[in-house]
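Heads up, the next two complexes both have chain A, just with different partners, chain B and then chain C.
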Partner chain A sequence: MKNKNSRRSFIKNISLATFSALALSGCNSEAFDVFLQQNFKTLSKKEKDRIIKNLEIKYKEKYGKEFHVSDRPALEGTSFGYALDLSRCVGCRRCVYACVKENNQSRDPQIHYIEVLQMEKERGIDFAHSTAQYNPEKVPEKGYFYVPIQCQQCKNPPCVKVCPVRATWQEPDGITVVDYNWCIGCRYCMAACPYGARHFNWGEPNVPNEELNTEVHYLGNRPRMKGVVEKCTFCIQRSREGKYPSCVEICPVGARKFGNLLDPDSEIRYILENKRVLILKQELNTQPRFYYFFGI
Partner chain B sequence: MNFFRFITGSIKIIFRGSKTYYTWLIILLLLILWGGFGYSGQLAHGLIKTHMRDSVSWAFYIGNFTFLVGVAAAAVMLVIPAYIYDWKPIKEIVIFGELLAVCSVFMCLSFIMVDIGNPLRFWHMLPLIGTLNFPSSMLSWDFFVLNIYLLLNLFVVTYLLYCIFYKKEYKKSIVLPLVLISIPMAVAIHTTTAFLYNALPGRVFWNSALLAPRFLASAFCSGPAILLILFQILRKTTNFEIKDEAIWKIAELMVYAMFIYLFFTIAELFKEFYSGTENILFWKYLLFGIGDHKEIVPYSWSSIIMGCTAFVLFLIPKTRKNFLTLNIGAVLIYGSVYVEKGIALIIPAFTPDVLGQIYVYTPSMTEIRTAVMIFSIGFLLFTFLSKIAIAIVFENYNIESLNPKIYSK
Partner chain C sequence: MNCKIYKNIKISIIVITLYLILFIGCKSKESDNNEIDKVITENKEITSTEQSKEYAVETPPFSDGIFPCTDCHKNLTPNPVRRVLVDWHDDISAMFNHDSENRWCLDCHDFKSRDSLRLASGKLLDFKESYKLCGQCHGEKLRDWKVGVHGKRTGEWNGKKEYLLCVNCHNPHSPKFKELTPELPPIKQEDIK
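Right after this comes the complex of A and B.
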């Protein structure tokens, strides 16, 4: 058995070395290291620590700021859930911009994890007749209601199923994450996602230095690179520290609720038990952890 | 050592040629350069140089990929009728069909490489060193079958040419089973590619069981079209012998394929338009446009008109047996399937997007130039390989002509 293993790792090392020599001849050893880095999910604690330390040094050089990169795993006994009160949401889009800031999303080219759709009250939830491009002086507009959409953190995620390299997966607490260093940028997940929740870095991402959030998670809001997919992680850097995602915190009308589905005393459980909830596109059997409800 | 001589002999032959041959090579090289400079912009700045965005996240590149999978599949499937109707030059048909398949798969893989955001990370897909998501991801299946198909065809065709080069009799026990495997493999690559799109419940436009059958039918229209023209060129310029009847038979088989394709499409359209659900939107965008967004309409109608004209030309025996109209028909059907796979298959699936928003996509100059680059490289490769095959198969170029002094004794 041991023999087989070493042969396997020998083949692995030899082929890796050849490939990388071909691909990167002339590059410095650091880029070489990053190039050779394995899928984060398969790494040992030691390797993860080393990578994170290097990352902090690299960010310091690149942005001149002290970053704190966490790789905190899911807490035992948590399964996150989200609920959004459609009767309260006024469509102000504060959540959109709080999210952009918290998660270091590229400003130009622009990436938004949350898209707020304006829908006609007479039609109900009808994507074909909705618009994301509403721009009145004051919201809400008469005759309309608003449906903010972000990653629904499906229990049966189509995006994870299709990824050819396992660069995206569902964590034990239900958050679907992306390893930006492993994603090849094929965008199959974007074709598979029925909610438009996945976003691609079409160009080099651009965040003003003074607006950088330096409290980051490896699988969340750390600075991304060109050519990889990213998505909402329920603010993994906050939620795993026991804080609310920033969209929940900023919402001026309290339409956004977040909590642990396994905790019987949580607000999210109260909503599921006492309100009538709905999920988007339930016929697709994606089983979202993101519920919509009418609170008033 | 023997194989090495075969390779050097083959390389020598690609530098020998007439003025027309060299002009053709120079045109291809210029196109490669022109396309390559377009692609270098994408390499430097990323896929932002294309017109793809989050709403339409797959487009022209993957459409080209799909088209070429069809060409690769059909080239080898032509072996079936060649066998059944006992066309004489079956060995030659196998050789040129498989050469075309090799070049098409090469172009397919190139279109994948230019379409991914991090081409250097392609090794993440390799078994043992990467983490290929097999069997869950259809893309991993596609990658797997395409590579096997490439190796299979490359092996058979190299082996056949190698044997002829050394004037040896090829071993039927090696070639026959491999050719027999490559036929279902041809069906497999195109079916897998259809399945890549087919079972994404969020994309209703593709979510029809007719998608894979339509893929195969359309492939049987476009793939033989190239060989039809190639066989005529070979017949004129070499001592390749293929009877008129065989060429007309290919055309006849293409008519059946076109009819089946037309029938499947009409069945699809009937179901969508008569049931009249929301899902009709995608077909509406393709055929008529939604509101002021009619950018895609010229593409779809040009494909329909080209396809129907070719169908009529191939259906009427008189025009089918006239080589001028036959060739016009072959070019038209090729063009029709190209536009259908390149644009009409992919874009409507993303417009309107999953949240009902419309982003209008048409290919950018970078995308067109990159595609020109890949096609030119593919044609160049095919020219070289055909040149070698023609020399070895028809012009009696063999080990003796490589070094006449030794062998003349």
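Right after this comes the complex of A and C.
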């Protein structure tokens, strides 16, 4: 009994000492706040508001720009779905770069949420014989088709299951998000994702100041830090405002479709009910919300 | 006694429910019919669905100074003989590739009313509704386009959407998509420092 007590007081003393050391070493209260911040999911409205206000101030100092940080929760009665028309995509990669811009991905080191794979028509969908490195004068090339890959927003996401600190989870509208403040950078989720959809900030992210998107969401495209994992969120800052993700809006051939799976009149439901649809790596039971279809 | 009252109530509930179902069913049928009626009663005049926000479309992409066609055509005597145009619209002749073996200008453009298009039925059509003309042959594309699956939508997934006309993406005289220059490939993993 005595032993236990002394251990507890030892820990208590240690933590007190750490805190005072931190305080003495010139940390301001804001850094302290960030250090002590709880998992986003467990925060109250008041706490969230304070954190968001602090973030906006911090970004203003760091980037000299007015940011608008949203924490808008999932819309009632929505379950997002995405469909991509394999018979239309020409592999132009417009979506890749529209995404980078919208979501403030690091340019160097480079992070892309979307990877467009070129595949041989003869072989069909065959990852082993595909390449993301194709670079001809003009696309599409004869004899090839293109399969853009990004987070499949699985209904049964293996990435979420492996996170040891629960820094990543699936939201009620189906978007799997990361709390960058809670992520410890262990990269288990990257190993678990069968689609290579998660990306790690090996270095300090680097976005040209004039290209920063200042309309951000806490769980989405707000500026990231070194050592955290990030991923596609169906442009959470747009989709929760009712807008299409930016990859949908940029695609010059209209290959990308997005909407609410619970709305029987949505484009996405029409596709699921009327077109030939497939999902990637079905055998893994990840149950993607990202469908590929053949429009013709 | 009690039992009977219950039975009566039960029956009346069933009757009311059936009534409601019938009523609602009819109601929605009625509106469907109205829609069709509207389409059918559109007769020979130029019609426009501008009010219908369902197909809020971009304006047709005319080349500069080409519309209205009557600016030039009002002074010309129309010639209905199929031929290759050489003096004017030779650029279109040069690129024309849209079942060119069997078709020419007057299969889509009206002979007399120069500022309108013309359906196979003879009905005139505003350029803003050219999708109906395309839909004469490409019916299943039109169907997919209407529900937002063929072609590109911008705007809101749960609200107002902007539709593009077929001709905003496809040149009506040569509708096959032109090839595109791809953006840069990603940096190879082994080149990341």
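One rule holds in what follows: the second predicted complex is superposed on the first by the 270 of 296 C-alpha atoms of A that agree within 3 Å, B and C clash if a C-alpha of one lies under 4 Å from a C-alpha of the other, contacts with A are read in each partner's own complex, and residues count from 1 in each chain.
One rule holds for everything that comes next: a residue touches a chain if its C-beta (ideal position, glycine included) is under 8 Å from a C-beta of that chain, and two chains touch if they have at least 3 such contacts.
Fair warning: this is a prediction, and the values are worked out from it, not measured in the lab.
A.B. asks: First (chain B), second (chain C), both or neither: which does A:196 touch?
C.D. replies: first
A.B. asks: Does chain B (first) or chain C (second) touch A:109, or do both, or does neither?
C.D. replies: Both: A:109 reaches chain B and chain C.
A.B. asks: Count the residues of chain A touched by chain B and by chain C, then name the partner with the higher count.
C.D. replies: Partner touching more chain A residues in the overlay: B.
A.B. asks: Figure out whether A:59 sits in contact with chain B (first) or chain C (second), or with both, or with neither.
C.D. replies: Neither partner.
A.B. asks: Is A:145 touching the first partner chain B, the second partner chain C, both, or neither of them?
C.D. replies: In the superposition, A:145 touches no partner, neither chain B nor chain C.
A.B. asks: Does chain B (first) or chain C (second) touch A:218, or do both, or does neither?
C.D. replies: neither
A.B. asks: Touch check for A:132: first (chain B), second (chain C), both, or neither?
C.D. replies: both
A.B. asks: Is A:257 touching anything from chain B or chain C once the two structures are fitted on A? First, second, both or neither.
C.D. replies: Second partner only, chain C.
A.B. asks: Just chain B (first), just chain C (second), both, or neither: which does A:158 touch?
C.D. replies: first
A.B. asks: Can you pull the chain A residues that chain B and chain C both touch?
C.D. replies: 109, 115, 132, 202
A.B. asks: Can you tell me which positions in chain A touch chain C when the two form their complex?
C.D. replies: Answer in residue numbers: 75, 78, 90-94, 96-97, 109-110, 112, 115, 132-140, 202, 239, 242-244, 248-249, 251-254, 257-260, 263, 266-267, 270-271, 275, 295.
A.B. asks: Can you list the residues on chain A that touch chain B in the complex?
C.D. replies: Listed in rising order, the residues are 8, 11-12, 15-16, 19, 23-24, 35, 39, 42, 109, 111, 115, 117, 126-132, 149, 158, 161-167, 182-188, 190-196, 198-204, 226-229, 281, 284-285.
A.B. asks: Considering the complex alone, what residue numbers of chain C touch chain A?
C.D. replies: 144, 147-159, 164, 169, 177, 179-188, 192-193
A.B. asks: Within the complex, which stretch of chain B touches chain A?
C.D. replies: Against chain A, the touching part of chain B is residues 45-48, 50, 52-55, 57-58, 112, 115-118, 120-126, 128-133, 136-140, 143, 197, 200-203, 278, 281, 349-350, 352-357.
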